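Chain lettering (A, B and C) follows the sequence in which the chains are written, and residue indices restart at 1 in each chain.
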Amino acid sequence: MYRVRLPVFEGPLDLLLYFIRRDELDIYDIPVARIADEFLAYVRLMEELDLDGVGDFLYLAAVLLHIKAQMLLPRPPAPSDDEMEPVDPRQELVERLLNYLRYKEAAGRLEAQAEARQQLYTRGVAAGVGDEGGEQGPPPLAPVSLFELLDALRRVLERRAEPPAHTVRREIYSVEAQMHYVEAQLQDGRARPFGVLVSGRSRGFVIATFLAVLELARQGRVWIRLLDGREDFLVEACEATTLEEADVAA
Amino acid sequence: MSQPERNGTAATPLMQGIEALLFVADAPLSDEELATLWERAYGTRPSREEITGAIEALNRVYEETGRVFRIHRWGGGYRLATVAFVSPLLQYYKQQETKLSQTLLETLAIIAYRQPITKPEIDHIRGVNSDYALRRLQELELIEVKGRSDTIGRPLLYGTTPRFLEHFGLNSLDDLPELPELQQLLESPEIQHEHLRLLYSLDSEQNEASE
Amino acid sequence: MSQPERNGTAATPLMQGIEALLFVADAPLSDEELATLWERAYGTRPSREEITGAIEALNRVYEETGRVFRIHRWGGGYRLATVAFVSPLLQYYKQQETKLSQTLLETLAIIAYRQPITKPEIDHIRGVNSDYALRRLQELELIEVKGRSDTIGRPLLYGTTPRFLEHFGLNSLDDLPELPELQQLLESPEIQHEHLRLLYSLDSEQNEASE
């Protein structure tokens, strides 16, 4: 039995980067065959759980399988002298990963920039002499027509008509409520198998609880330990967090 | 314990702290509140006399160095406000018109057609959190709180104001043009279901979780 | 023609006017806007140099007299904001804007560096559908639609807003931190480590130690 902290992945590229980092792989020499299988296992789990956004992951899984197949094919006959080296089928994927890393890095720098800026506070609602007591009226508005109002509404409606590509799954059970449920169950400090937390519950309950556990793990509030055979996993509170503290953190 | 360091000749740390708090505040702060905020940050509680003294000193420095604001005592608290002689200039600033952004227009349209309506319902229709838009629209006095829903959690109900009618040249809400697509959407089973979910989900979650 | 009278030794009327306008403004004001407002109130139009000079003089006086705010140039305009050393005190009083999630930051970074950019391009870089992030960023008025691409389907083009610049304390897009070069990313183990830490907010020690 070994302990992992299970990150919640933003997208398929993050999952791939996670594998690369976890196994300390050379990004220019990714063992695609192995990674593809593991990636697919993850996608199957997502499908099983009916997690949202699985389509994005499926697409990359297909790309990986395609590369795997290409790498298994016998090499074409040696190229004549004037031809270039055959292109590594992984090249495009690697370039994409690296490009993504650049923006991840840029996002981190932007975040630092925002943090510095947040140290500087701008003014609240300003007051002038004579504002004492009496409320200030609202600022004047630029003219806007009823037509523009309707137009705005139509845009909302149009947006809704688009196929919901990446919407948050709506269930009767909210992830937030299930986070409270999980933390309440773990309050005594004992680890519990996930199966026990959800035994006899509806599908909606299981999914929302699973998502809640992932979120708690991401926030570092619970540990997840895989059980041998990987058929279930143990969930354990990280430290003695009371529900009150959890509320504050939420 | 780190207090604001002494910076320049005229300002003590307490003066600087009070100035900073009054600068960012959007309502008067009482001696009590100033003392408590200071205590929370630095562990010592300034007396009422120290606070009064610091405020007098600040106003003196503002006067001497030509600042265009003073600290006033209004409604039992202190507030920074501009001096009268700059008001002709400020008037021109305040007359600048605020243009409603797309976000605000969308939120306003939903409220106009669906009032009274709760924030979760607006969020659901727009697919995003409407906190900011609701706050802005209230500041602009285009919407207001009309009461609370009777449902669980008793969320606030929003509706439009007389200023809204005036601004769009409407006599009453009955003059809003009909929008068949909207009616369709609102009556769709999905929205009805969501409406019910928002009203009753908390209840069923609590029941389930406490089983 | 009545201008703000000279008050104290350190402040000119223009300095006082600018201070007053920046004091009441709730968004950065450009040289242009400052000049226009002044012109409307007093009939003469100060030059850009006069405005820049007045702002420099104000910041100098603030520094010398221990004021806890300075004038910053953000998003092409001027804005008053407190100095960093008072933030421990202010955080008890005022909630700063919520931090952006990793998803939003990533999407915003791509838009900031690649603008104008279409949703399909963003989706491709991130490997996921960015519908939600784009809508949320528009809601926060950090990005906006800049037009349509000429390519098939004429997808919308997104870019950042002036509010984006202000949120990150930048004067213009030229002030964006440089986009890291790939070579640099790959060769510096420190950056790799730092980057991965940001990526997963995993405590790597914990992770390794627990195996």
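Note that in this section contacts are C-beta pairs under 8 Å (C-beta built on N, C-alpha and C of every residue); 3 or more make two chains touch, one makes a residue touch a chain.
Only a predicted model underlies this, so the values are computations on that prediction, with no experimental measurement involved.
Think of the whole protein's Cα atoms as having one middle point; the chain whose own Cα middle lies nearest to it is C.
Using CA-based centroids throughout, the chain positioned farthest away from chain C is A.
Distance from the chain B centre to the chain C centre is 21 Å, each centre being the mean of its Cα atoms. Between the CA-based centres of chain A and chain C the separation comes to 26 Å, rounded to the whole angstrom.
For the pair chain A and chain B, the distance between mean C-alpha positions equals 32 Å. Across the assembly, chain B contributes residues 20, 23-25, 82, 90, 94, 102, 127 that each touch 2 or more other chains. Counting partner chains per residue, chain A shows two or more touched chains at residues 121-126, 128, 159, 167. Contact residues of chain C toward chain A in the complex are 23-26, 72, 79-84, 86-87, 90, 94, 96-97, 99-100, 102-103, 105-106, 108-110, 112-113, 125-132, 135, 167-170, 176-177, 179-182, 185-186, 191, 194-196, 198-203, 206-207, 210-211.
Across the complex, chain C meets chain B through its residues 2, 4-11, 15-17, 19-21, 23-25, 37-38, 40-42, 61, 63-69, 82, 85-86, 88-90, 92-94, 132, 135-136, 138-141.
Looking at the complex, you find that chain A touches chain C at residues 2-5, 7, 10-14, 17-18, 21, 27, 53, 55-56, 60, 96, 98-111, 113-114, 116-126, 128, 159, 165-168, 218, 220. Those residues of chain A that touch chain B in the shared complex are 121-133, 137-146, 148-157, 159-160, 167, 170, 172-174, 177-178, 180-181, 184, 201, 205.
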